[in-house]
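Common to both upcoming complexes is subunit A, partnered first by subunit B, then by subunit C.
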Partner chain A sequence: MGSNTSYTRRRVQKILFRLGFLLPALLIYTFILLIPIVDSMRLSFYTGSGLIPNTFIGLGNYIKIFTQDVFRERVWGAFTNNIKFFLIVTLLQNVLGFFLAMAVTRPIKGASFMRKISFIPTTLSVLVVGFLFRQILNPIWGILGNFPWLGNEFTALPTLAVAVSWQFIGESILLYTVGIDGIPIELLEAARIDGANWFQEMRHIILPAIMPIVGIVTLLIYVGDFTQFDIVYAMTTTSGNPRFKTDLFGSLFYRTAFSTPARGGWGMGMGAAVSTIMFAVVAFGVGIWFFVFQRKRDA
Partner chain B sequence: MKRKKHRTLSTYVYYLAMLAYLVVIAYPLYLMVVTSLKPNAEIFKNPLGPPQSFYLGNFITLISRANFNLYFLNSLIVVFVSLFCIIIFSSLAAFILAKHGFKGSTFLYSFFVAGLIIPIRLGTISILKMMIGFGLHDTLASVILVSIATGIPFGIFILTDFIRMVPDDLMHAARIDGYSEPKIFLRIIIPLLLPAIASVAVVNFIPIWNDFWFPLILLKSQSVRTVPLATALLFGQFSTNYGHVFAMLTMASVPVVITYLIFSRWFIKGLTEGGLKG
Partner chain C sequence: MKLSKRVVLLCLIAVLAMSMVFAGGDKEKGKIRIVTTSWRTEDVERMNRINALYMEKHPNVIIDFQPTADEEYDANTTAALETGIGADIIYLRSYDEGLPYYEAGHLVDLTNIIPNLEKFPRAAVGAWSKDGVTYGLPSAGVTHGVYYNKAIFKKHGLTPPKTWAEFIKLNDTLLAKGEVPIAQGALDDWTLYEVAFSGLGANFYGGEAARQALLAGKAKLTDPNFIKAFEAVYSLKKYLPRGYEALDYSAMLQMFASGQAAMFIGGSWEISTFEDMGADPANVGWFAPPVEKAGDRLQYCFHVDIGVGVNKNSKHLDEAIEYLKWVAGAEYAQALMNELPGFFSYTPADVKINDPLAAEMFKVIADSEPTVRTVWEKLSAQAPSGNELMGIALPGMMVDKYTPKEAAAFVQSQLETWYPPFKK
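This part shows the complex of A and B:
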């Protein structure tokens, strides 16, 4: 009997100890990160003029977004811009990032210096990079001529994509470098002894080894780009000038939820609907990544 | 013979690529720093060259007239309080997840790590609502709480992995010596964890320092502005004064670049583990 109660007491103590250690992280993570995302989805079914939408309207906000031209045009515009933006950034960061990673993993002078330097732009704030490029594109410096890169409908979005790639290519280089470093030297040497040329080596050894990294780099770009806001704010303002041609989901969400109606605000309920659509887009991408890259790895 | 020539050729190509890339990275940063050290008249006369004198007027104006020192202090408070809490909370939870597993602890681990890929921005409306409800709106505490929540998944991910590698024998020996679990955590785990803690701190420092979105949404008063928020708001005001603008961008960048350069070893270790195992 006595040993039983002391057993129970020790058990309770153990549970309390575990709970006490887990609780701070669990509470903050759940209440500040997870619940607000779910709660934002809930608010997308409400409408109201104040800060907290309080009239339930079911799918009303979504119906407005998908059927009324004023709303549909903006959401569709941000979606298509975001896809173009994502494709440009993905292409630049994966292709150039991989090629530069090949360069810095060569046993040549300056390679380790370059590894270190290449990450510096990634450490900067997106906002700073955006402002910096906006200034440099100013004709005063004249580096890229007098052309209005950010004022032209066709060049504005690619210019933003290049600025973002300039910043985050360091991350791609870093991840690809780790992947290439991880390929066993014996494998490459064996291939060379067998007379493999550069292309064969690339196709049969290097590319298969770094495929999972292509997946991770693309996933990081996807999630970052479909919530990107800072670059638009800094380079072409929250209305995505010129004429919404650089409007992305992030800037659309900011305007709809947090701006006054005169500056593109649609009310909190509609804003919540926009962020829920963004969540669906992000979840779709993560799902595809999981299906293509993670499942294969487990198999 | 043919092979050798081909290798040298590819080496040249790689060299050329690295050189071109170095110029592409360095030139905008060079312009940023160089322009910040010129008075406005010189910027127009000599926009691309090195500064004629080491002019600090732009920086002095930012501090004396635009309160940049206050914004710096605010950013430092946000970064250090957040990092401190991320490290404490994550290592406490990681200790349980790694060494005191229970039914559902693997699920709990995945539950935390899922946060690595969940963009917290998508909950902004509710976060704003909640901060107003708690009366934390327009205080640094609101931004700190968000930063902690964002940093915890990475902290738990790295630290759980690291604590798993601590030999169980070491903990058993400590228990035989009469150490309680909290004491094991404090005296044995934490000292072994220091390199991993350094990684968590450096990797989190950068996004917290750079965060612009949450300060923009949650902070209103001038007295609580962080560096990125102040940069954004002053940019419009200074837009024609290039010296001030570039000095501001330089000041916002120096802390992160220096931190990265000093701690790059831990940084790269943390980031590659986070990116590749996840």
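This part shows the complex of A and C:
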């Protein structure tokens, strides 16, 4: 019996010891992330003016969003725009980023220099990038102003996606080069001795080895894009010009929650509902990632 | 290596020296700081010069003008007021854009505070009042019309038009001579509605009388007179610059200021903007919105723009109210019109307008029927608001997404989902 209590005590001590390490992070996480998120979900069930709406209306805000045309159109519009935006950015940043990473890891003259400068755009502020692109695309004095890129409803969103990809492609290149550098040189040499060409080397050795990184890059792009606000703000205003064709969840939330109705605001309660939907979409995507990539790793 | 050390040392010394310069806070000790906020970040220097007049006479008070960018103004001001750190003096946009601050209980009832309130123009007082309570001092209004480049007009022997037919003919002439007639884009959602439609369209839909009928639910935007206004704006499409679909407000301004277009459909607040952008004031002319037929009375959009409220929870409420009374007086009115030509003070006082363009814009009021922007009052109280809908419909119309009729029908049908007089 004596040994049993001491065993239990040791166990408890061990748990407390571990908890002691976890507690600070847990507390900070709870107070600055978890509670606000839950509270904003709570707000989505209320209506009223000001920052803290106080009339409980149950699912009223959601019903409005999903049944009334003008609200549904906006939310659905932002959602589909976000998906398109995500697909274009993923394609550019992943595919182009991968090939560029392949290029800069080759023993070519200047490769290490290219590696370094490829990261420079990532260090710029999004506002600066947005401004730069707006100047380049300006119809009056921009060097690419021959076509109204930002005014045409089919090209506006892809243009924004290109700007974002241009800025963050350095991040993909960085992560991919790290992955490629990590592949044992013997493996590549063996392949070459066996007569593998450039494409086979990429297809059968490099790509499988860096698959986890592809997953992480895609996840980062996903979370970044579904919470993207800055580039819309910088290039096409929070109205997502032209006519909401570049409206993403971030700009939609900002406009609906914080503007007066006269400027496109829907009230804080509706804004909270929009942000809850946004949270659900992001959580869904991250969940899939965990399911696909993490489980694969465990298996 | 040696060099970089020296650079670091120099930087450190510079930082120290700077901090000493800025540490001169002692001067402010014992003084009361009144923070005022607005959405006009471009006015900091000019507002500081105006407020200096007040501080001269009230040496114990510092008036600190801290504007926020237009797009962020509502978000920032609401958040600051709700958390109790709002400015003492709050600038308010008119009608339903300023009303939420009062309804949320942040503003002082100014009905018995503003001196001579009964002598202020009634329409202006109404823009910041509800149920007999005035929560904002009607400070300034703005007018809408057309700026023109005098040199370009002179070069082609043109004179400012009086009627719409003359205006269109003038545009055709400019186009034929290879000029860009109008620096107007369709990217930003507000310029076409607030300035082009409300300013030039009012002559077609019948100005204030038509607007009142619309508010009362007796008229619809799909009525022939309003459709005419949509069509008038649409007819300007061929006079816009190449790539107008992607031309934003700042590029529009640049274009006119640098002489790349002959005209600019604008508001009176842009007088100083063009000046600050380097346009020669002597070369900038202005004419009132052309009337539909010769002999018509001008329907003039003289929009209620700036109201000034006092934060109920201000730590220096008495001083803030004292300052507001000064803002309501003649000295402020004169200073405002000197510093910010194109903002017309509502203060019932004898003030002189020194800027020639502003004087021209003001002179027109006497022979016109004043009105405000079409769907600003009441029709923008709820989502989807009239302002927002017009901001979708008009740019859409200019890129042929909607015909003028469809644009009008779109706004009307969306307003009918909530605006009570339309629902009956």
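The rule we apply is simple: the second predicted complex is superposed on the first by the 265 of 299 C-alpha atoms of A that agree within 3 Å, B and C clash if a C-alpha of one lies under 4 Å from a C-alpha of the other, contacts with A are read in each partner's own complex, and residues count from 1 in each chain.
As a working rule, a contact is a pair of C-beta atoms (placed from the backbone, for glycine too) under 8 Å apart; a residue touches a chain by one contact, two chains touch by 3 or more.
Predicted model, so just to flag it, every value in this text is computed and none were measured.
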Which of subunit B and subunit C A:G151 touches, first, second, both or neither: second
Which of subunit B and subunit C A:D39 touches, first, second, both or neither: first
Subunit B versus subunit C as contact partner of A:L219, first or second or both or neither: first
Subunit B versus subunit C as contact partner of A:A273, first or second or both or neither: neither
Which superposed partner A:Y29 touches (first subunit B, second subunit C, both, neither): first
Subunit B or subunit C, by number of subunit A residues touched: B
Which of subunit B and subunit C A:L51 touches, first, second, both or neither: both
Which superposed partner A:V232 touches (first subunit B, second subunit C, both, neither): neither
First, second, both or neither for A:R18, with subunit B first and subunit C second: first
Which superposed partner A:F258 touches (first subunit B, second subunit C, both, neither): both
Residues of subunit A that lie at the interface with subunit B and also at the interface with subunit C: 51-52, 140, 233, 257-258
List of subunit C residues in touch with subunit A within their complex: 71, 74-75, 78-79, 82-83, 93, 95-97, 100, 103-104, 185-189, 241-248, 251, 254-255, 260, 376, 380-388, 391-392, 395-396, 399, 401, 414, 417
Residue numbers on subunit A that touch subunit C, as the complex places them: 49-52, 68-71, 134, 137-140, 145-153, 233, 236-239, 241-244, 254, 256-267, 270
For the subunit B and subunit A complex, residues of the former touching the latter: 3, 6, 10-11, 14-15, 17-18, 21-22, 24-29, 31-32, 43-44, 47-48, 85, 88-90, 92-93, 95-97, 100, 102, 108, 112, 115, 117-130, 132, 145-146, 148-150, 152-153, 155-156, 181-182, 185, 206, 209-210, 212-213, 217, 228, 231-232, 235, 242, 245-246, 249, 252-253, 256-257, 259-261, 264, 268, 271-272, 275-276, 278
Contacting residues of subunit A [partner subunit B, same complex]: 14, 17-18, 21-22, 24-26, 28-29, 31-40, 43, 51-52, 99-100, 102-104, 106, 108, 110-111, 114, 116-121, 123-128, 131-133, 135-136, 140-143, 166, 171, 174-175, 178-179, 192, 197-198, 212-213, 216, 219-220, 223, 227, 229-230, 233-234, 250, 253, 257-258, 268, 271-272, 275-276, 278-279, 282, 286
